[in-house]
Amino acid sequence: MVGEGILKGLAETARNFFGSYVSKERLTTVQYPEQRLPRIEAARSFPFLVYDGSDWQQGMRCVGCQICEKECPPKCILIEKSKDKKPDAVGKQQFYPAVFDIDISVCMSCQICVEVCPFDAIKMDVDVDLPTDNRFAGLLLDKQQLAKSNEYYHGIHPTEAAAVDAALAAERAKAQAKKPAAATPPAAPPSAAPVPEAQPVGGESK
Amino acid sequence: MTQVFVQLDQIFVIVKYWLLGFVPAGWQPLVSAIVSVVTVVIAFPALFALVTWFERKGLGRMQNRYGPNRAGPAGLFQPIADAIKSLTKEDIVPLAADHVVHFLAPVLLVTAAFLAYAVIPVGRNMIVVNLNAGVLFFFAVGSVVELSVFMAGWSSRSKYSLLGAMRAIAQMISYEVPLVLASVVVIMQAGSLSTVAIVERQAGYTGIWPHWFVFTPWGFVGFALFMIAATAESNRSPFDLPEGESEIIAGYYIEYSGFKFALFFLGEYLGMMATSGMAITLFLGGWAAPFPFLAWIPSYVWFFLKLLALIFGFIWIRGTLPRLRMDQLMNFAWEFILPMALFNMLVAGVWHFMPPGIPRWLVCIAMVATPCILLSMRLKRKKKLQLRTYQFAE
Amino acid sequence: MTASFLILALLTVAGTAAAMGLRNAVHCVLALTLGFAGIAALYLQLGAQFVGLAQIMVYVGAVAILAVFAIMMTHKPGQAEASVFSSHWIAGGVVAAAVFAVLAWAIASSEAVFQLLPPQPDVTVQKIGDALMHRFVLPLEIMGLLLTAALIGAVVIAMDRKEETK
Amino acid sequence: MSSLQGYLLLSALLFAVGLAGALTRRNAILVLIGIELMLNSANLNFIAFWRYGPAPAALTGIMFAIFSIGIAAAEAAVGLAIILAAYRHSGTTDLDEMNSLKG
């Protein structure tokens, strides 16, 4: 008969229709703003700048070397180097970025800036809640909006952050061994100071 | 007690006559018409709003989703949000479009869709005009829809619109023939083209079994054919080739935006509900209750319950079946539905002339089942595929 | 001579005149459907419900669609016609005007048109059906034959002969 | 002016408009449409005479109109098919250019 397959299909959709009212596990939809999926460690959205300590201007790892600006395929990064210098994460006197803007309407989340950064200063965020009512200025993130603490980084990519911290600590130790004359390392390892930009991490799962 | 139920059943009629009491006698026919028309023009768009919500919810549940659930309780205010959105959107008319025709097409479509409700009895004594040729009026008005579809597709000056309109017209013409032929059996049996008379013919019960035309072999087949043709006629899935969003984006109304787009949407749903209402009138006993012990429930409640049930059927089909191909669509119309409708008329004649009893049932069932099986076998046979030859593209 | 007749007459004449005068052929057909619908409304006004609805179904639903399809199939884009009227349009217009003058004169001078409106006859569809099946059964059969022949003939004429084109 | 006269005058006017269209238009399809219009005006006459005539119960006018509508539909189908065939043959629907009987 001609309608056999149609009847089978109708039975299947009817099973779905009534089943969705009976068994909750059929409805896999996550009610987004209230419920969120647990964050995935390997996820990435847009880049952010890591800083150590509590002061985002003082602890910023970026030295304004502009490698990421040059490597960025869609050219969404704008960096202006500072005139003066300040001690970096390792303790050397370095420039710092006077301006660091990322246009996330242009950014394609390729992570190349992260790959090329020799200072582990730029990392990928997982935050996707970036809606704004201004599609030009609202999507052009400046240095302050980009700066996120090392704790936040630990929260979103624990494994990776641990490796980075270990490498940085090793480098710092090496630098200290080379220059014992230097005074205390300027950047303390992750402190417990409250950070303004840090957001709840991990997400409340349903 | 029964008096209360009769009052409840006739409440709208009573209210209308109460209103007419305030009007001088000379104006009464005009005011009566205006009251009826205004009721239809308010009630059915309201139902349309409800049906869009119902459809989105139902489709969502069939795909294990929630459907709209943000605007209002269970997303019930979603249609209002949609209406506000479509009203505030910019009305874009293509520069090359034929402005007058482009404007008239949705207006004509909605007008024709509303006119169809004039002959559908939604309850006891509740019909706008009891035309002597009501069913013919319904189909005549339905044929105007094709013209508005053509106007929309042609005036937009867009390939997609024109292709969509051509598809829609070809499909509507092909399926209008079986639609009319499927309803002819009812007209033969009822001996009238008046929708009120057809509903009256289906009144009464044998035991608790209603005398609806759908509960006869020819009526059942006629109902199935009518509903299939109605699905195609209202361009709904699986016959939604004119829309075919993956091929021609949205068909004939692609160049419409804002409120005109909403009018097309409204017209499409009004058409679907009108054909469902006609199917109810022709086959499902109109506003009659399915069981005699439920007859106390007002007649219009039954009509709208049946309407919602049929619409749920449309939604169910839409949630289940994939879109057909153009050749499948046409083959189905001309090789299966049309011959079945013709056979069905023969069966209705046999039913009319045989004495009532078991043999009549057996003969008629055999007479419908045989062509159905044979035609479906013919439809299912493997087609020999051969290299396609192109006339112009070589 | 009621107001509704005047409105419908005006609508019909406007539609048909536009259909015969407009430049764009598709506009002509669309205007023509207005004229046909007006004629159908006049039928309804005269009490011929069945004929009026059949008129809408046949002319608006079928003939107009057929005509626009034919126009689109024979339309060549980019071909700007010098004139929509043929070279001897003056002669045609004069003939038509003369015909109208003669007809109008005949109608105006006839005595037979001063008829009182008889009471509305009771024309149910059933009566029409009875008449078709008894008194007019032979014309009906011939009609069916003619329509079948026309259907087949139209298909045969319009069919593309594949062998010839190759 | 009686109402029958009004209908007859309207019908005559429609006939004249259709005739004018059929005689003056260049597009063959529109000529066909003009002929359809003439048929329609005749139908209007039939219905008007039926309504005002002595024996409306005999339904003669209505019958004539019904048959006429059916024949007009057949005529339109065949006429448009012929125009399509002619178009395929000569590549135009312009009647001023279709002036040769030879193939």
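Note that the chains are named A, B, C and D in the order they appear, and that numbering of residues resets to 1 at the start of each chain.
Going forward, a contact is a pair of C-beta atoms (placed from the backbone, for glycine too) under 8 Å apart; a residue touches a chain by one contact, two chains touch by 3 or more.
This is a predicted model, so every value here is computed, not measured.
What chain lies closest to the overall centre, CA atoms only?
So the chain nearest the centre of the shown protein is B.
Between chain pairs B-C and A-B, which one is joined by a greater number of C-beta pairs in contact?
B-C
What is the distance in Å between the mean C-alpha positions of chain B and chain C?
The computed centroid separation for chain B versus chain C comes out at 29 Å.
Can you give the whole-Å distance between the Cα centres of chain A and chain B?
54
Averaging over Cα atoms per chain, report the distance between chain A and chain D in Å.
77
Using mean C-alpha positions as chain centres, tell me how far chain B is from chain D in Å, no decimals.
Distance between chain centres: 34 Å.
Got the chain D residues that touch at least 2 other chains?
Within chain D, no residue contacts more than one other chain.
Two or more other chains touching the same residue: where does that happen in chain C?
50, 54, 62, 123, 160
For chain B, give me the residues that contact two or more of the other chains.
Residue numbers touching two or more other chains: none in chain B.
Can the chain contact pattern be summarised as a line, a ring, a star, a complete graph, or none of these (other)?
Topology of the interface graph: linear, an open chain of contacts.
Inside the complex, what are the residues of chain C that reach chain B?
26-27, 30, 33, 49-50, 53-54, 56-57, 60-62, 64-65, 68-69, 72, 123-126, 160, 165
Which stretch or stretches of chain B touch chain A in the complex?
Result: residues 58, 61-66, 316-317, 319-321, 336, 372-373, 375-376, 379-380 of chain B touch chain A.
Could you pull out which chain A residues touch chain B in their complex?
Chain A reaches chain B through residues 1-3, 6, 9-10, 12-14, 16-17, 19-21, 26-29, 31.
Flag every residue of chain B that touches chain C in the complex, lowest number first.
Listed in rising order, the residues of chain B that touch chain C are 98, 101, 131-133, 136-137, 139-144, 146-147, 150-151, 154, 169, 173, 176, 191-194, 391.
Flag every residue of chain C that touches chain D in the complex, lowest number first.
Interface residues on chain C, with respect to chain D: 1-2, 5, 9, 12-13, 16-17, 19-20, 25, 28-29, 32, 35-36, 39, 42-43, 46-48, 50-51, 54-55, 58-59, 62-63, 66-67, 70-71, 73-74, 81, 83-89, 91-93, 95-97, 99-100, 103-104, 107-108, 113-115, 117-118, 121-123, 127-128, 131-132, 136, 139, 143, 146-147, 149-151, 153-155, 157-158, 160.
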